[in-house]
Amino acid sequence: MKNADIVTAIVTPFTPENEIDFSALEKLTNHLIATGSTGFVIGGTTGETPTLTNDEQLELYRKFVQIVAGRAVIIAGTGSNNTAATIALTNEVSQIQGIGYALVVVPYYSKTSQRGLLAHFSAVAANSKVPILIYNIPGRTGIVMENETIVELAHNKNIAGIKQCTSLNDISFIVEHTNDFLVYTGEDPQALSAKELGATGVISVASHLYGAEMREMYTLVDQGNVLDAASIMRKLQPKMLALFSYPSPTPVKAALAYQGYLYNSCRLPLVPLTSAEEDAVLAALELVGGHA
Amino acid sequence: MKNADIVTAIVTPFTPENEIDFSALEKLTNHLIATGSTGFVIGGTTGETPTLTNDEQLELYRKFVQIVAGRAVIIAGTGSNNTAATIALTNEVSQIQGIGYALVVVPYYSKTSQRGLLAHFSAVAANSKVPILIYNIPGRTGIVMENETIVELAHNKNIAGIKQCTSLNDISFIVEHTNDFLVYTGEDPQALSAKELGATGVISVASHLYGAEMREMYTLVDQGNVLDAASIMRKLQPKMLALFSYPSPTPVKAALAYQGYLYNSCRLPLVPLTSAEEDAVLAALELVGGHA
Amino acid sequence: MKNADIVTAIVTPFTPENEIDFSALEKLTNHLIATGSTGFVIGGTTGETPTLTNDEQLELYRKFVQIVAGRAVIIAGTGSNNTAATIALTNEVSQIQGIGYALVVVPYYSKTSQRGLLAHFSAVAANSKVPILIYNIPGRTGIVMENETIVELAHNKNIAGIKQCTSLNDISFIVEHTNDFLVYTGEDPQALSAKELGATGVISVASHLYGAEMREMYTLVDQGNVLDAASIMRKLQPKMLALFSYPSPTPVKAALAYQGYLYNSCRLPLVPLTSAEEDAVLAALELVGGHA
Amino acid sequence: MKNADIVTAIVTPFTPENEIDFSALEKLTNHLIATGSTGFVIGGTTGETPTLTNDEQLELYRKFVQIVAGRAVIIAGTGSNNTAATIALTNEVSQIQGIGYALVVVPYYSKTSQRGLLAHFSAVAANSKVPILIYNIPGRTGIVMENETIVELAHNKNIAGIKQCTSLNDISFIVEHTNDFLVYTGEDPQALSAKELGATGVISVASHLYGAEMREMYTLVDQGNVLDAASIMRKLQPKMLALFSYPSPTPVKAALAYQGYLYNSCRLPLVPLTSAEEDAVLAALELVGGHA
């Protein structure tokens, strides 16, 4: 996992009838591994997981393990705002052979206290067969998990890291105050700066489309070529923002459909882009070639 | 329902073992009806509904109908960020005799578009046997449902109203641009101003403790006595804020436990107030007498 | 001053050559008094005061006293983010016969502490011949003056009140915790609710255009007719928002120019509305008749 | 100027009687040049410039030119929210031999439009003998200057660059979409990431105290040693934040007074730190040695 620096938060492809499309999933996964992804979040926000039943989720994870077949690290989403349900699902998922980590989101909507967050994550970690990663995304959860809370949880041996969607100041603080702790930014536009500040890497949506460029960028940083890495980053940045110009993952699904990797299907409460929205997104993404 | 102006978003009492405490629920409900509540939201955010299983939720609603026994309007929470699951639960709940409305929250966490919101609520409304109320609370859901979206949904005959937790400007706009549409503020400190701007009333946490004062305040407004109503409001306001000084409903549960109406129990991810926090809250609430 | 409930923050009319247009000022002032303004802020934000020299400011105030001729209360702006300069100007302005109050804005840009604010306002008040009003507008100043600071300053005998541009919660708190203290909302959309919560009234931009309607609304409240007052308010509210849809006072100046009260001139860094912007604003304002 | 990458926004030392202390200014300047500053902003926000009279400002700039004596680039603050006054002062300052650039802040408080900003900066640039730098700091000015506005102004030959206090996303955009344009972050915690994204450098408060460390950090980046640069940055970051834990520049003045470089004096509306505040700041800064 130390080597998984570009981790794609992979979409869940659906058929036109809105069933999980495992054939598309396999094709897409192979493409992403070929273009530089060394890890995956399956069943994350980008995977529209709130719309999956528990049974679908478990089937998805079992089949994804077979598709990846050891070629990349697998992180499986198991969190919700119900602690008891999160414990149960995490325990079940963590017993699937091949799952590396469980990704447990900060309980959304309920706006508990920092003490409540400590209790929640400690309880979930105690019941998981694999280490967990915290997923801290205040823009969706309505609550800020503070740096001090994160540092305290980092001492738990079964809490291995964090996907952080806040500021680079927080990323810097967490890196400095933890040991052996995976720190991912979940914000694509921070992909370069987070790595340069010492983070592990990025859990990315953009890597569905720009994996090769992101891989090259990270290689340049490792070689000390800061200027050329920056040049790539500055060109990717508006495209990364375009992927969130409409509710994610609908823009990336539209792009992947355009490239032929999947059907442009999603589940309510999300709706596919209108034709005009799709045109705007595709123009901003400047996609060329790359068709499946 | 037109007459339900003070609607208590009632807590779900738990036993020390964290089972639903129906005996406490009955005692509390009777007290609230006696102190001015003419309606209830059961299974709302204040009811810690994310921590209830579907079976618990249905049992809670069935028993609550028996407890209320026609003495007040009942609004039952049925929403989530999974449209299919919301449709199924709303349909099931709406068949319980005695439920007046289903309260359907704006899908949290998923940050869909306004089009997605229209599709979500239209689909849920089409599958409900009772009218639904929209619950718009951006501070928890991470998404703003815009006034124009609300006005469009208000034309749906099976969408009867809204619980709105934004600004009084929005309340004013919605009242002005809808007909026969119930408009509740979900912000206790807006209880007076919202009513004076033409809203139906308030869906309240504070009415667990200050129902009599709120009833008096509303009566004064109906009598045109603006000054005395304001005087009550200004005194209640800091107490209303104190009920949200820690994650709700933990402050109101601490206060109700102090008054003897229930055990001070809640479910993870919420945790009861510490002793110091409880002292601070009780001091701010200035509770006197009123013990069960 | 207790009787000044609708206070117009009057624009500074300029000639096409961007000199102060005293003739237009007189015509406008007479119109505003006739339509219900019982007080004025002269040399406030709406008056583009940052663009006036000190000499212009003093001339403006002296002539305005003559124009008003005792028919309304006059509040003259004297604040800046330089304490020494504010003391000097306030002292000078306060010696003009006919000025009722000096309006002293929270020092913008400098982001001082609450202690700094206490020191600033105490020093200015100590050097003024007339009582001062605090002007608290975080959206422009970049700093929040806290309620506790306001309450402490309210004990100063030469600090007579506040123009508050924050929330109704703050208005309610200030009214409840002060005595003999003038509390004005500076937010037009709060004009009704602030009064109903016990505030003195509103310092208004909208009253340039809708003074008669606002006067009627306030009279209705005084008569206990809450419903009809609300009906007026709900209709005014989108127009009030339209006056801030572009940098104020450019929309109100465009409207007053359309009505014939002044030239549509303003000083840099403000620029007049484009023709398209003006069309949008005038449409939203639904101005009829009322030409000078 | 291309070589000025660490630019100190130097404080204005005051005597205990609150007169400008030129002797302290000289001592401090020499120290800063010795510890890595290659440029200065004189008369900026950190210099408490709103509290200086125009005469003081001009004297300060003239004497500072003599003190620096060609050893560093000098950027002199000239902006305000009065366009006419800004034009006049910029014109006057720009005639002082030795001033490299005029720093013109986005007009605060007045909240003009983007068109207004274009007009303001174009007019000031047209009247300056030296190129100007834009100073974009929404947290103080109450207004966002948009990236598109900046890019348009960058085409003006007399507008040479920007001090930007927003996000790294904006820094990246501006660097990518301008040519021969100086891009400084004004946020110390962005000092490393901004440079690595291609910005010119930082206009800094922290360099008063940590110039040597910042110089080493920048040298490491130039050598491609990203990891060691990050290590320095992560350790500096909490200290940089501490310098803004109270109204700036009062923390840095307290630290410099502790080190013996100046008196701990400032002008209203700022007030010196209390003794307890000073202890907290000095502890966070971990100052050792370095006494003047």
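Order as written gives the chain letters A, B, C and D; numbering starts at 1 within each chain.
As a convention for this text, contacts are C-beta pairs under 8 Å (C-beta built on N, C-alpha and C of every residue); 3 or more make two chains touch, one makes a residue touch a chain.
Bear in mind the structure is a predicted one, so any value in this text is a computation, not a measurement.
Least step count on the touch graph, subunit A to subunit C: 2.
By residue number, more than half of the contact pairs of B-C reappear in one of the listed pairs A-B, A-D or C-D, namely A-D.
Among the remaining chains, C is positioned farthest from subunit A, on the basis of C-alpha centroids.
Taking each chain's centre as the mean of its C-alpha atoms, subunit A lies 34 Å from subunit B. Averaged C-alpha coordinates give centres for subunit B and subunit D that are 50 Å from one another.
Averaging C-alpha coordinates per chain places the centre of subunit A 38 Å away from that of subunit D. Multi-chain contact residues, meaning those touching two or more other chains, do not occur anywhere in subunit B. Contact between chains, as defined at the top, is found for A-B, A-D, B-C, C-D. Residues of subunit D that touch subunit A in their complex: 168-169, 172-173, 175-176, 189-190, 192-193, 196-198, 221, 223-227, 229-231, 233-235, 237-238, 241.
Contact residues of subunit A toward subunit B in the complex are 45, 48, 50-51, 80-84, 107-113, 115-117, 119-120, 123, 139-142, 246-248, 267-271, 274.
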